[in-house]
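Starting off with a structure, shown below.
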Amino acid sequence: MLNSLLSADLPRSRALSLVLVLILAALACAPFLVTGARPLNTAATICVYIVLVASYDLLLGYTGIVSFAHTMFYGIGAYGVGIALSSVDEPTWSHVFAGLAIALVLTLALALVVGLFALRVRAIFYAMITLAVAASFSVLASQLSDFTGGEDGKTFSVPELLSPGFTLAENEVFGRSIDGKLITYYVVFFGCLLLFLFLLRVVNSPFGRVLQAIRENEFRAEALGYRTMFYRIWANVIAALVAALAGALMALWLRYVGPKTSLGFEIMTDILLIVVIGGMGTMYGAVVGATLFILAQNYLKELMAHASGALEGVPLLAAALHPDRWMLWLGVLFVLSVYFFPVGIVGKLRLRKRG
Amino acid sequence: APDLKIALIAGKTGVLESYAKETETGFMMGLEYLTGGKMEINGRKIKVIVKDDQGKPDLGRTLLAEAYGDDKADIAVGTTSSGSALAMLPVAKEYKKVLVVEPAVADEITGAKWNKYIFRTARNSMQDALAAASTLKSGSIGFLAQDYAFGRDAIKAGKQALAATGSKATVVHEEYAPATATDFTAPSQRLFDALKDKPQPRVLAIVWAGPNPMNKIADMKPERYGIALAPGGNLLPIMKTWKAYAGTEGTIYYYYGFPKNKMNDWLVSEHTKRYKAPPDMFTAGGMAAASAVFTALSKVPSANSEQLVTAMEGMSFETPKGTMTFRKEDHQALQPMYHFRIKKDQKNEWDLLELVREIPAKELPLPVTNKR
Amino acid sequence: MSASLPLAQQESLPAAKRDIAPLLLVPALMLAMLPLVGSFPTWVTLSVAGLAMGMMIFIMASGLTLVFGLMSVLNFGHGAFVSVGAFAATMVLLPMHGWLEAESLAANLGALGLALIVAMLVTGVLGWAFERVIIMPVYGQHLKQILVTMGGMIVSEQLINVIWGPEQIALPLPATLRGSLILGDAAIEKYRLVAVVVGLAVFLTIFLVLNRTKLGLLIRAGVENGEMVEALGYRIRRLFVAVFAAGSALAGLGGVMWGLYKENLTASMGADTMVMIFIVVIIGGLGSIGGCFIGALLMALVANYAGFLAPKVALVSNIILMIAILLWRPAGLYSKSR
Amino acid sequence: MTAYSQQQPSLSTRDLTIRFGGHVAVNAVTADFYPGTLTVIVGPNGAGKTTYFNLVSGQLPATSGSVFINGHEVTRHGPARRTRLGIGRAFQLTNLFPHLSVIENVRLAVQARAGAGMNMFSIWSSHKELIARAEHYLERVHLMGRRDTMVGTLSHGDQRKLEVAILLALEPSIMMFDEPTAGMSVDEVPVVLDLIHQVKRDANKTVLLVEHKMDVVRALADRIIVLHNGTLVADGKPQEVMQSQIVQEAYLGTPEPA
Amino acid sequence: MLERQNQLDPLLTLSGVHTHIGQYHILQGVDLVVPRGGLSVLLGRNGAGKTTTLRTIMGLWQASAGSITFDGQDITRMSTPDIARAGIAYVPESMAVFSELTVRENLYLAARSGALDNARVDWICGFFPALKKFWNYPAGNLSGGQKQMVAIARAIVEPRKLLLVDEPTKGLAPAIVQSLMAAFRELKDTDTTILLVEQNFNFVRTLGDSVSVMDDGRVVHAGSMRELADDDELQTRLLGLSLDSHQ
């Protein structure tokens, strides 16, 4: 049962299993474990990022395609839902699904077109072309400001059931009222869980193995009779669709879309980093990496404030640990993690078990 | 009594870092000045919680919710980026707490997206535009702006402002350049071509967020065609590079040498003492926001939101720019602006501008655009 | 069974022909635009400005062609070196304020030259350290290079903020280089002429070093198979460090030129130019210094003409240029791997 | 040399030519290959043998001329399509999936044969029969002991054996070996030769072999084709061809030492 | 026999060399002596560790124990470039030609002195005429056998004390194998020592002076070539050669 749920791709390391179970449990119970806006927001962001990163890993880690356009698809999903919901005052579920459907169709079309035209060229050129396409898309989003809200983005409300004001039951459950926020969280959580399991299945299917073969040696895969272009385009499309769905979930959660939040190049670099920290081509790397990274991104500042407070007397160190310099340390972590986890955290844990 | 908690949200890291630093400095110095260094209002200690939204709207929103919900802040101030500020507005309404917007300038904050908990000490784009328009009485105007929503809105505001101030000048050309542009040869040429045969005086007005391309255009010698440049005021380090273009006129929100009042005198002397440089635009803005918060909390010791809103509507408060007043209709602080000229003989590295005229608030017919 | 056989055919095959089509691209573009622009002085202004801007872009991109094009190291941190170069120059230029304000070309250029040297030294040393600490473990792994250099870039930018503070720093042009020369009705900024001179000097130096010495070959061979180059007796590690440091120094040089052009320094000023620089290197063809040069000129010219003729197009002119070139030559203008 | 021509050729090329710039690597080669026959292609280094293979299996596009498989023209088809029509190919320079295990390498070939590549909803390891088949081929080349080793760490000779196993696993009707025994140790060569022998015995298979080792050529060839500077210069029974002057001069050099 | 060779002033000596690659223990105490002058052959089954031995000598893998002495100098811990500069040239199994560089550039790089010696190049091209023909052609586009020629030419483009050659005949046409044999003979005459890894016993039986056989990361036999060539039983035992397997 578990085996088929996880598509026979078990963690293969006791430490890793433990970590994964912990993360799953924490995310599943987050609304009952923590109070306050920020922790829950962090949990929801982790859920969405796990899926976003896992879908990117399908491209990068399994198929060997370097794309910089992944956030574009994430953005399309988010904007699809966002624009549909902000076009009306009292949005309903049909607005959500209509927006989502349009976004998915657009994603499919764009992923196909980009794949058909650009996947023929060398890897590094593909990366650059997707970078250009994504940049043009941002320009477009900014130019169509009447429609997209331009640089400022759009704030919108969500269907009744999900809005913060809504309460399902009079009574509290485990000391927490069942309100719209909580329901939204679980929509996000289960949505992401399903998408992740789907991706896990894809990479462990015969199809997934062909993708790996293409990554390893495209020339030979072709000689074995696999139409590699076809497989690469499919991988591109699947990854794009999943990213769009992740974007839609994020939009529902944030009730906001904007270029920085859903299209920015920063998100792309975050994704890249998480993939590498977690472990490329492992899927579980996305889980561990996203959790660590999002936690660091949200709480590194607080941690540093404590550290620099404690080191008040020491002049230089306190300055370097000043919370506003958190990016400095994130950068250092960037470098160190690539240094010390050349095969990612998951790879490292699995190696330790063997060695 | 429990502490009074004030949340200050700013884009302290990321591209707007230098702006946010100024706001924070100004805000803290403002409280220091107003409380006489005691950091108390009516005997209650003030606690300022500073948060960094990195200029990201989603983060701004979450931080404001955290400030109101988890930190139990009584009032909040922020933020640097207009996008983030706009995203924060509904949160104030959700939590029914006051948000003083500083220094974001988007008109919509006190326009379409406004709600009754929103007050703004910063000037808005329209006020900038009106000030600029009030110096352009006749002749031909060409606009240069960035090609995105902000730039286009600014020029729309500029044209409205010309109409509102009764200017007889005609806008002969609007030029939009990519926001990332580095080479201004092509846009300048287009503007020169459009302006050169039009009636005098010919003015090329530049509306640009971030480092202003004034130098690049001035280097192409617009005076060949009798065209004068009208830059909007900018940060001090940017205006420092303008000294070769002495005599150029424009309008600005704040320059440390212009206002004459006690608060500004203190700010200039203390700031120069502490940071070896005079205060800049956003420092003054931060101090103005501090003053608004201080004045309001002094009037409503309980910090009850509804009472605060009532007290703040129409409230006047002292700032480094002199007295500002929150207009009842849309809670925008009405304030003076300054018409400047770049100095020829500069006494020191920060002696950059001379005052042509202070434009009093009543000469700036700011329309009310929110739906109340 | 055939009787007579074409047995002996051992004369050497001819070397590949010189490919001049890309060289003609720049003049062809300029000529084609003359009738569209209409006015001759305007055309001169746009073209000269474009060529000079191209030179400036080339100076910044040249270091990247070395490390990316030749060594195949995707250094996203290149932008940070551009910034560091500009900030390092302030260490010379701000104290030498007097020299810059003097109305003497010699004094101005003297200060400028000194600033260039200091900036190149600082960035060269930084590049050396960067290579040792950050790049060394990830040769040949593009993806990790992207990440690790991005990390390096964040660290460098933050350190700029720590050292020089987060405020923007004004860096006014030297007195005699301000303003324009007016030729007829065309205005040509003086500073751009300096950029042309420096750009040409950089181009010729790199071109000669790579084509008249073993260096270019060694680097390319070393990227393909470093072990074998070592087995031939070359200390490839040292060579790579040196090339990387040289590339960084060039970025520093570009940074000073760029900083003086912008006249305002921010820590992210280099990073902001990265996409543009990458595009230049790509359309030039990996590893081709000549291609990079032509690419930079093309990009700046296209931006200027587009900005004049159809400003909306200028928003995406770089991207359109790149796609057009890649459609024509999928590996860039000049590519070594034919 | 008309002994084979009663049958329908399973593979034929007509005036097959490729130019690289001014250099003609394969020059108007016309040849037919028949099931149940093993043809050895010999020729000096650079004669165009590998390039000819590349043209037949679709790795390179022909400048002119055409290729037919069982009478169907395939000149415009890509390598994947030709493979699915029955061409299988082992490469001269080892060409594997270095970060996958030995068994996975072979399984990919088995799976390609079974046409199960697009299945994305079932679990790979649940296809037991495919794995069994892959193991069968590993056994035949004596590589079962290396079943789960990462291919990148195999010694050169073992990689050559895997190359052969993958070709067998594809079960093509037209098999092309490009110097299968190069770099293989002396005691392993017979294993591979045996395999080729077995394949050859199957009357439905057409086998093409490029080989420089004369003892191997003599042991296996039913027919020999000689390429020289891209041109087909000799075609016939092994004995005749080996004696011809061209082969003696250009290819073998001085008569082989005993 | 072995004693006599040792007295003949060994050029290269490996004693008790162990090499680990990652977690694998590949060489498990290799003892090998290459006498000065002459051609030594290293034989062994696939995976015996021959390539690993050569790479360890070149410093491309680090020996984890034992010592390697070349020409009186301990090179065990030296870096690859320094080992090469000490006078060792290497023809790797994978050939490792620089595919983006032309044939000329490949040879030019190998000439550390900075210039190609035309006479020597002509001498080399005498053995491998194809090189002349493809002189200005990117080496990556050459045929398999031609690449092998480039790899060998690169190692002999300048005189070196010791040549390490890993399976040079694979993929070479018989005529070229003959040339190669001639080349090795001439090299031997010019005081170059050669250590040759080879599967093709016919090729080395007339050429080799001494021979070592490896199995499972160890040298299991060392002696003179004549001895091995004459002793069919020894061949069968060491190499798995039987008469009918290479009829």
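First chain written, first letter: the chains are A, B, C, D and E, and each begins at residue 1.
Simple rule for what comes next: a contact is a pair of C-beta atoms (placed from the backbone, for glycine too) under 8 Å apart; a residue touches a chain by one contact, two chains touch by 3 or more.
Here the structure is a predicted model, which means the values were calculated and not measured.
Enquirer: Could you name all chains that are in contact with chain B and with chain E at the same time?
Expert: Per touch definition, common to chain B and chain E: C.
Enquirer: Based on which chains touch which, give the shortest step count from chain A to chain E.
Expert: Counted as steps through touching chains, the separation is 2.
Enquirer: Quick one: which chain's Cα centre is the longest way from chain C's?
Expert: D
Enquirer: Going by C-alpha centroids, which chain is farthest from chain E? Tell me that one.
Expert: Relative to chain E, the chain whose C-alpha centre sits farthest away is B.
Enquirer: Can you give the whole-Å distance between the Cα centres of chain A and chain D?
Expert: 45
Enquirer: What is the distance in Å between the mean C-alpha positions of chain A and chain B?
Expert: Measuring from centre to centre gives 37 Å for this pair.
Enquirer: Residue numbers in chain B touching 2 or more other chains?
Expert: Where chain B meets two or more other chains at a single residue, that happens at 17, 147.
Enquirer: Two or more other chains in contact with one residue: find those residues in chain A.
Expert: 143, 327 - these are the residues of chain A that touch more than one other chain.
Enquirer: Among the residues of chain E, which ones contact at least 2 other chains?
Expert: Residues 134, 137 of chain E each touch two or more of the other chains.
Enquirer: For the complex, give me every residue of chain E touching chain C.
Expert: Against chain C, chain E makes touches at 58, 60, 79-81, 84-85, 90, 92, 96, 98-102, 105-106, 108-110, 112, 114, 129, 132-138, 154.
Enquirer: Contact residues on chain C for chain B in the complex?
Expert: 39, 42, 45-46, 49-50, 53, 161, 166-172, 178-180, 182, 187, 189, 191, 261-264, 266, 268, 272-273, 300, 303-308, 311-312, 314-315
Enquirer: Touching chain C in the complex: which residues of chain A?
Expert: 60, 66, 121-125, 128-129, 131-132, 135-136, 139, 143, 269, 272-273, 276, 280, 319-320, 325, 327-328, 330-335, 338-339, 342
Enquirer: Can you name the residues of chain A that touch chain B in the complex?
Expert: Contact set of chain A toward chain B: 35-38, 41, 142-143, 145, 150-153, 155, 164, 254, 256, 258, 260-261, 301, 323-324, 326-327.
Enquirer: Could you list, by residue number, the parts of chain D that touch chain A in their complex?
Expert: Spelled out, the residues of chain D in touch with chain A are 57, 59, 78-81, 83-84, 89, 91, 95-100, 104, 107-109, 111-113, 116-127, 166, 170.
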